[in-house]
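The same chain A turns up in both complexes below, where it pairs with chain B and then with chain C.
Our next item is the complex of A and B:
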């Protein structure tokens, strides 16, 4: 029996989970779990603080990778076959339609959740010092998510895919000087074709997912190093600079009650790096409000994972992923529309190619990237950030309105047609 | 704060995940086609006296039946449900199991189903497979129009039992459809390109009504009413349904032309065989008489003679005609049943040799019909097709051209096109206009058309 126990102990080296030591070791000694702290503040687990949007986004990505790999077994990125493979998934492959549905709906869900996550972080001012750069990484992850969704959009090789990508890449080509070349490099030619499909496929299954995984690791690691989640705004103490004190970043202004290094004592590496004795990293009062990650945080994350998977499976069971007729470069649908998240830009392009294709997207991305460096006031309380909140709300609302108009209110010839009016004889 | 209700939520979600997964598995493992296969096995087992065989039939595992047709670029899974399609004992079985009689050489294993019937071969659900769903271009063709599909492969010659196709093709080339419509790259661009018309999602009924009265089904259409008869509309509909630029593999294209005696006779006339040969003494005597030639020589010998006369008869004066396999077969088929009376008939229809001027006028007449000038200006140059807000409200007659224009002026108008002069300058642009023809017609073609026009000019009754 000793033999079996030895093997067991060599794999799971922690104490039993009944003890506090065991609970801590579960986190410390596990490569996957040690991105968590051993203990988390109860206030940070509150649903209404984060809505678990970051987790849900990550779990959607996990669902996408899993279903995506399964789909890769059935897919050939070559024009006539690509579409036939979609039909095979739909009609012949066991659970193929279900898999494809999950992948499709999870992809749309991820675009939405990434955006909502960004809104949450903005409204709780969680991008402020020292988290500025993590916000920048978040914006890059948003762009990568859009890129993943956009490249995946072409793969079914149906009319929807072909024309959405044609329109989408056309919007990109309005960029001065480089626009045309970028489009040509992306498509491997002047129009969407075999070369473009292969390039989009490689970007979709290899390049972009690797980039997302790398940046996600950095994103998570920084959350941890910046002191975990930001404190909920309703917990902020009125007008005290200390609210910003977090591990690794003592406020510059406040006097650091550093202990003078004593020659009689040996300091650990962590103490040297943070400049604080180890017992000060979590204050005793915070210690009272903290619980072990196991099981409290992990359990909640498991629920978020379950809810995400259930949501995606339910969508897939109830709604088939769309698949139109085989891509036909000779037959332009009227109107030809980009994927929905680019319809705001297409709407702007319909008024001015320069505005929608160049000015608006460039300004939007730049504005998002520099937010944490321009909004320098340290206060996170809404009362002190009226301007920022107003500007961001207008930004979000403008985007939503443009997307809704582009999606539902644009008919043949990009004429303003409300969704409840049916245009007869629009096609052909 | 520990969340007392969380375990309930956790288990509820787990249970829900399990239920959804089971539902998905159930849905995936009970497709419609398995039901049909069970019914078919029961049908097969019905008359089976041997208990062991019966059990074996009933225990046949369900599976997708598909024909991979690389040459036709399609995969047909129709036989997954239509299980008796090539089984003659299923002659009286109910659909979808009935045997498909009368297929001739078009066996399902070589041709599949959708090339003739339309529908979605890849699908395994009834509505989707029959193409009666959104986003599928070619729904299943009704029995009434099914013979139009013959023309998808048999693009030349005549198709026995489908005279509509030959007639539709003839109407298309003589009524001037190409003036407005492109077909395989040749034609005008006023109307839609018809190269892929057979692959478009248009119902045959729509096409037929459209030919009878274009404006009744497509309001504001610039297409004039040609006053086709019902039969002509049907023939054109058949022809339209057969139009597709789909690539057929070599196996299929080699069989496209059906070697019918009718087509052989047409070739016999076109290639002027009667100039050297005679049939039962009627015709020219420079070559051998052809009556009974199929009895004197084997089919292989005749074929070889048509391919390379020098090989068979060194020193023969018969030229090489470069005929394809099935054209040669058609000629032989005609020779087998040619009679002196028929030769007389052919001889009597032979036109007298034409002068250069007549040749030129004749070529002009052909182009006038083929490129669709007749579509607007009328086969007799009478004009009269309504063209709202153009001067006179209609397309002008060409019968009095020479009163107002010189030949060079007319040539310039044909070459460069012209907008219709407006009746009311503030009114809408008239739908019809004279397109520019210099892309389609060479200078010589245009000259010939003008010669044809001048040959038809009527002397003006008024004289100033």
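Our next item is the complex of A and C:
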């Protein structure tokens, strides 16, 4: 059957996967796979190096896009219909409740995994030269993730959604000079209403996901261009530190002799670069420690993908996404709480809207953005960066404490309550 | 970026006949988010029910005569001034007038001091 073979060969132009050449071609002749290197260092595939958090975050995003598109078939972003469509998804649409649950739990999971991924990158000092700007892109992706969560929160148009967005957009209006306008542009009006719902919907399904996709491409591309994952912390030796300091091409000192190319040559040489590349590469002596991406890396990624999808499915089987009563602008639920990842912010805001809602978060984001430019020491060993680790740990702990206080220790009227009232009910 | 037309409730509106409002506890107008007070000696007054902190709807407690915000625990005195919590400003009071047809009219664009009253 030459005909069938011709078609097959026209689609898959690589050699069979039995050979090393075939395994390499699988990666670099395929537009989707070529973000991988043909070979990876075994140490970089170790679970305890990255916990696969970047992959899991990306897979959760894929789950979110898939379930989100499915949900779009059943949802109309207009107040009389939006809540009705939610009810239909819960009780009428086949697997609608499950679908909504998957979207919700994947969204929560993505917020958690983005944050944990950031922590991993910080503690392994993987943001250091030449990776500084990729950290900045990562922080922007964190902000976009929070923006997606926030805009998605309004769409069910129930009490929870309505008041979380009322409070959230009012926090923004405390920003000096532009605050009031930002809120009005976001809501397309002066209060949360139909114009606001439409704007949040468009941001949620078109604007923000596009931005995430574009930045994710750059994020992955730069990881690859910077030589793949950073070297695991336990592989760092003092000698390696010196090498890291000298990355980047030193000036040419020796005379370069021109060599006349043979007329029979079958290759073209674009440019000769002297010195070391700006990124870490697999040196010849490390060749033994590297394996082909196919099947070793791809198999591990597939396991991570499966585990992510199964985890999200299990969560949505066990826990339903909540849906409160229809949004009622006249009646504020007591207490009115934002989604949990904003409860730290709400806790701050309960003390001062300007300081807690605008100044503190702005300073936090700025501090995250400039970390790689202030922490200039090339050493990645924990022993050399005690101060940085302490500061970041305090930052993480402060955020967690604020979220825990806002979630469990705040009751009606935002009064301090012991956490068990959420289980046992408030004592009258 | 901003809509040319807002399909929102008007800032100035009629709320009904003076006789519709009882003396004593204030009447809460849910759509307009306004508390209408009627006092036997002093007359009508209208207070905003929107918390000046982050826009939640405050509740008027008959027991202590104060406004309580459910979101962040702000408490406003009977005259709207802040006595507790993160709210930065006092609740607003709006001008109440009697329209030509005898109905009460409220204009949210006209802020008046808490002492303002309309005697009908």
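Please note the rule applied: the second predicted complex is superposed on the first by the 380 of 428 C-alpha atoms of A that agree within 3 Å, B and C clash if a C-alpha of one lies under 4 Å from a C-alpha of the other, contacts with A are read in each partner's own complex, and residues count from 1 in each chain.
What we mean here is this: a contact is a pair of C-beta atoms (placed from the backbone, for glycine too) under 8 Å apart; a residue touches a chain by one contact, two chains touch by 3 or more.
As the structure is a prediction and not an experimental result, all values here were calculated from the model.
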item: Side-by-side fit of chain B and chain C on chain A, or clash; value: clash
item: Which of chain B and chain C A:309 touches, first, second, both or neither; value: first
item: Touching partner for A:301 - first (chain B), second (chain C), both, neither; value: neither
item: Touched partner set for A:195, first chain B, second chain C, both or neither; value: second
item: First, second, both or neither for A:167, with chain B first and chain C second; value: second
item: First (chain B), second (chain C), both or neither touched by A:42; value: first
item: Touching partner for A:325 - first (chain B), second (chain C), both, neither; value: first
item: Chain B versus chain C as contact partner of A:333, first or second or both or neither; value: second
item: Residues of chain A at both interfaces, chain B in one complex, chain C in the other; value: 330
item: Residues of chain A touching chain B in the complex; value: 42, 45, 80, 84, 87-88, 90-92, 94-95, 97-98, 158-159, 291, 296, 299-300, 302-303, 306-307, 309-310, 313-314, 316-317, 323-325, 330, 425, 428
item: Chain B to chain A touching residues, read off their complex; value: 1-3, 6, 9-10, 13-14, 16-17, 20-21, 23-25, 27-29, 64, 73, 75, 77, 120, 122-125, 128, 135-137, 192, 196, 200, 218
item: Residues of chain A that touch chain C when the two form their complex; value: 163, 166-167, 170-171, 184-185, 188-191, 193-195, 329-336, 346, 349-354, 412-415
item: Complex interface listing, chain C residues touching chain A; value: 1-3, 6-8, 28, 30-31, 33, 53-57, 68-73, 85-86, 88
